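Below: a set of structures, written as structure tokens.
Here come two complexes built around chain A, the first alongside chain B, the second alongside chain C.
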Partner chain A sequence: MATRTVTFEFKRQASPEAAAVWEKFELEWRPGMNVVSAMMEIARNPVTADGRPTTPIAYDSNCLEEICGSCAMRINGKARMACSALVDNLEQPIKVEPLTKFPLVRDLQVDRSVLFENLMRVKAWVPVDGTYDLGSGPRVYPQEQEANYPLSNCISCCCCMEVCPQFNDVTGFVGAATIAQVKLFNNHPTGKVYKEERLRALAGDGGIQECGFAQNCVEVCPKQIPLTNAISDVGRDVVAQKIKDWLKS
Partner chain B sequence: MAAPRIIVVGGGLAGLAAVIKIAEAGGTVDLFSIVPVKRSHSVCAQGGINAAKNLKGEGDTTAQHFDDTIYGGDFLANQTPVKAMCEAAPAIIDLLDRMGVPFNRTPEGLLDFRRFGGTLYHRTAFAGATTGQQLLYALDEQVRRFEAEGKVHKFEGWEFLSAIIDGKGSARGIVAMNLRTMELKAFAADAIILATGGIGAIFGKSTNSVVCTGSAQSAVFQQGAYYANGEFIQVHPTCIPGEDKLRLMSESARGEGGRVWVPRTPGDKRAFKAIPEAERFYFLEEWYPKYGNLVPRDVATRAIHKVVFEMGLGLDGQPMVYLDLTHIDRETLHYKLGGILEIYEKFVGVDPCVEPMKIFPGMHYTMGGLWVDFNQMTNVPGIFAAGECEYQYHGANRLGANSLVSCIFGGFIAGPNALRYAKNVQAADGDGGAAAEVARQTEINGNLIRNEGGENPFKLWRELGEAMTEHATVIRYNKDLKEADEKVVELLERYKRVNLSDKSQWANTSFAFARQLKNMLEISRTVTLGAILRDESRGAHYKPDFPDRNDERFLKTTKASFTGAAEGPKFEFEEVDTQFIKSRPRHY
Partner chain C sequence: MATVQPAAPRPAHIVGRGPEPLRAGKGTSFLWHKLHSLLGIVPIGAFLLEHLLSNFEALKGPIAYGEQVKFLNSLPLVRVLEWVFIFLPILYHGIYGVYIWLRGKSNIVYYPWAGNWMYLMQRYTGLIAFAYIGYHVATQRFMGVSLPENPGAAFAKVQHELANPWIVAVYVIAMIAVCWHFAYGVWLFAAKWGITPGETARRRFGYICVAFGVLLAGMGLASIWAFVGPKYENAPENVPLSYQRTEIREQRTEISCICAFPANLPGAPDSQDSIVDRAL
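Up next is the complex of A and B:
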């Protein structure tokens, strides 16, 4: 029996300034194979389908369980995590490209630090008094926990930003992930002390009003976070805050 | 005097816990991490975090938690720090709760607790089945808060290469490499804390993340730090075998009622549903009636090995057994285990609520690590260690849900002690040895990039992983361990001829990997040789030729020191602190 093979095409770019090229690879099919295990195989034997020696592909990865958020890329045109992209579920040739909305580093590596900067801007934390023993936390009912837990599952992969038509240099839109975190921290009994500041941070240019309700974010989110609900809820709060601030001024 | 400078390497739970304590005490920290800290390996922890809060009316106490931990670790852990950890654990849970971790709740709105292996109490607080992720995020958020206040400066995308050690043997900073520009740079510090996780990568495939190579601890080991109990490696009984890694199936699946079984008839081809109850072999429940499916990990792992390899009862003749949740209703499973069931379905394509999962043991946790004193300082003055990269809290076997608490507790101890040390240490003479260390690292990098041999580092890694997994995990024989060690020596020789297909100086990931590989090879010998020396069975270390524990000879910490000689590290044994709980036979 002939060996079953899998065909990949990877978009390669040696540096931000270098020209992009596509490289094709033929790999032996293995059960349970995914896009990361394919790139590991290429690293062991970096030769293209036409027999030309090349270099291992540069990509970000860490947990390989879809929980660290590292390996987001475009696979057959869809923004998703490479570790959970099972080859058996993909049409061939499997085309792999870097995310397009973030500065490219090399090959499939991009710089997504903008999300962490946004999280800092909206004070996405609970301001505890200190780490010494201050007794138990606020009482939280299971219904509240069930509402907040999905928001807390965001792995910062940035897929929601990649697919958002409004997330670009012109609008400076913060993107769905940050807005969902605002909802999470505004819901928290202690975290809500910064509620007004967070809402004001989302009120200006690049804020929540840039959202065009394309709803791509919620479709692509690998953690099924209710992003559009979060955007509507926070959007309402931002408007209420604006009115409140306007009446006070 | 100038403000003390502290460097923390590693941004998982232990590193972030240390950073928070230092920043809170008014210090400033430079935080180094290969990956953005929010992507650290702590996110992978699933099941929960232990603390004897006794919220289920069972009479649980911190003393009982202490006893379970020492007993579970087969008495090899020093008791003073373990006792302190167990006593601190309830307040750590409260703190995490205050920080906003979405722990599961009881109807009254209090913290819910589940059972885990190696205890009879409901002692494990949990946030669905993604507790590690939730804890890491809580600490990440607090660190971001300190970052906004200018107390923390992050160096994400920098890899630690070595410590800068002055003429008197004290640490004066680190040399790190920028993983984009490949620039080498010295960073001065009065104290450094390593919180760099486990060494799973030396086993090739494990449940660990890609960054868990042990490279940083190996580097300081080669610079004179002791490495303790290297031979103690935890193999988790329930993993999902995969091409790129072994994905963990959390112990919480059993904590919530999951049952492990195989058909009683070898090679039974029937679908699981067609196999009546009487023809199913619930071997953990039969062999260990008291703890059942919740025996400690080393016990469960050996039982699965026995069922598969000695009794030939693996599913369809394959090295796999069932982990069955199908008797529990979908809603309960989703609420308590959602995250991990999703992982199984995503990576295997089968719904575990409908069909039992197929699992097998895999390398999971590094009990050994850098030797530290009770202040978390290594034998190199100024180098501290916390979390999985040190050896202190788990003895010969770690109990489930003790890792998260040991990481946070260790970080909480290391941070203030590093700050105290840094405030009192005398200023370095000149540059403290920084220029010399940068020169040494530059030479290593130059040699690696210019090398013209024929070896591919990723292939060498695969060979290392295969040898270590085959000979140095669940069942150990001295002959096999020797073979594995000889393989490591062979690979060290072949490493000299590593030829990188990528010689560029921009985001060269194979170059960074080749540097890690050298350190992986060096640290592997503490495992192989440490295991050869320990002619007994204790916790995760099991030798059929020496099936009993031998307290007289081996109730001792193994301490390895690097020699650079072909015969490998030098080993010595140190007394274990057993002042609170007298050693007794371990039977579950």
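Up next is the complex of A and C:
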């Protein structure tokens, strides 16, 4: 029986300044194979389809079960997690490229620190630090937990930002993920102490107003986070906050 | 309490800055964006409704259309209303809209999803609408017969314009683009201002906006037909307006003077108006 093979094309770039090149690989098919496992196999034997030795492909990955958010890349043109991109469901040759909106490090590695910077700027946390024991926090009812749980699923993969037509160097748009986290922490009984500050932050340049509601974010989100609902809710809260601030000034 | 530390500078080996982080609470773009969004509904959307309803009068013929033009031009401070609630808002909405368009980058090739298509269409329909409105206002408001002074010439003026089939094509395309842009604009407004934060609500409101847009476009196209169809072919250059009504009012005054009865006399008619009506 002839062995089934899988064809890949990877966009390689040795350094941010280097020119990008495409490299083709042919691997033996294996059941349940995904893009990350294919790259692991290439690392074991880094030889291209035309028999030329090369370097292992550089990429970020960790959990391999779509929960850490590290391995986001463009597979056949679409941003998604490489670990859950099963080879059997993909058209061949499988073309793999780095995310396009973030500074490139090497091969498929990009620097997504802008998301963490954005999360800091909206204070996406529950403030519990203190010099003494603050005791237990207010009770969160199951109904509230139920409503907020989907928002807490964000894995910071940045797919929502990659596919957003408004997220680019010109707008410096904050992106859907950060807006959804603002909703999550504003809903938290302890986290809401920063509610007004978060809303004001989102009215800054690059804030929620840059959203064009193309809804790509919610289509692409690997965790099915209700991002457009969050943008709508937070959008209303930001407008209300700005009007309130304006009238009280 | 935790405080926000400034971000560490990017490692030197990373070239290309990528999108910069949120300028939390800084700048004025929020105000300009929201103004753009709000102006699209009020007054521009409200004016569009008025304009389409007024156009619909054309289906009743040159006199009814002229009367509508005369009525609108008789509004108090009409020239101020025109600039403050129509020209300036459209100018701002159009120019800022183009600016918004230039700052986004469509990726419909990779992500051909419905919302993404609508995002792109909102930009193209907006551009068509803006270019058309510029042409339309120049030719119909500021060139040719001045309608504020000669409202009776309104029907013929539009009819002459629409005598050219290419212009009719432009009007039809622009009518559909404008109604599309407005209907989806209403939907976008509801979504972005948090009126429809639920997915089901947005879907339902989507159906309403589609129906609304189709209705508006249908009314607009019917009005165009009134000018190019056979019913009012070769309409007179100018139609007399409100003469009949003025004459009747004058007659009424005369007759009521002639027939004036002291109201409290026995046998006097219930009201002078009824006598006038009978006399007429």
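The criterion applied here is as follows: the second predicted complex is superposed on the first by the 241 of 249 C-alpha atoms of A that agree within 3 Å, B and C clash if a C-alpha of one lies under 4 Å from a C-alpha of the other, contacts with A are read in each partner's own complex, and residues count from 1 in each chain.
What we mean here is this: a contact is a pair of C-beta atoms (placed from the backbone, for glycine too) under 8 Å apart; a residue touches a chain by one contact, two chains touch by 3 or more.
This structure is a prediction, so every number in the text was calculated from the model and none was measured.
Look at A:V36: by the touch rule set out above, it reaches chain B but stays clear of chain C.
Once the two complexes are laid over each other on the shared chain, residue contacts for A:V163 go to chain C alone; chain B is not touched.
In the superposition on chain A, A:P127 makes contact with both chain B and chain C. When the two structures are aligned on the shared chain, A:N62 is found in touch with chain B, with no touch to chain C. Touch criterion met: A:Q145 reaches chain B, while chain C stays clear of it. In the superposition on chain A, contact of A:S113 is made with both chain B and chain C.
After overlaying the two complexes on the shared chain, residue contacts for A:T48 are found with neither chain B nor chain C.
In the superposition on chain A, contact of A:P226 is made with chain C only, not with chain B.
Residues 15, 105, 113, 120, 123, 125, 127, 130 of chain A are contacted both by chain B in one complex and by chain C in the other. On chain A, the positions that touch chain C within their shared complex are 15-17, 74, 77-78, 101-105, 111, 113-114, 117-118, 120-123, 125, 127, 129-130, 161, 163, 165-174, 178, 200-216, 219-220, 226, 228-229, 231-239, 242. By the touch rule above, chain C contacts chain A in their complex via residues 1-2, 4-5, 7, 10-11, 13-30, 33-34, 100, 103-107, 109-111, 113-116, 118-119, 122, 188, 191-199, 202. If you check the complex, the residues on chain B that touch chain A are 20-21, 24, 35-36, 38-41, 43-44, 91, 94-95, 97-100, 102-111, 127-128, 130, 133-134, 137-138, 141-142, 144-145, 147-148, 156, 180, 209-211, 241-245, 247-248, 335, 339, 343, 346-349, 412, 456, 458-459, 462, 501-502, 504, 506-510.
Chain A contributes residues 14-15, 30-34, 36-37, 40, 43-46, 53-56, 58-70, 83-84, 86, 105-107, 109, 112-113, 116, 119-120, 123-128, 130-131, 133-142, 145-146, 148-149, 152-153, 155-156, 185, 188, 190-191 to its touches with chain B in the complex.
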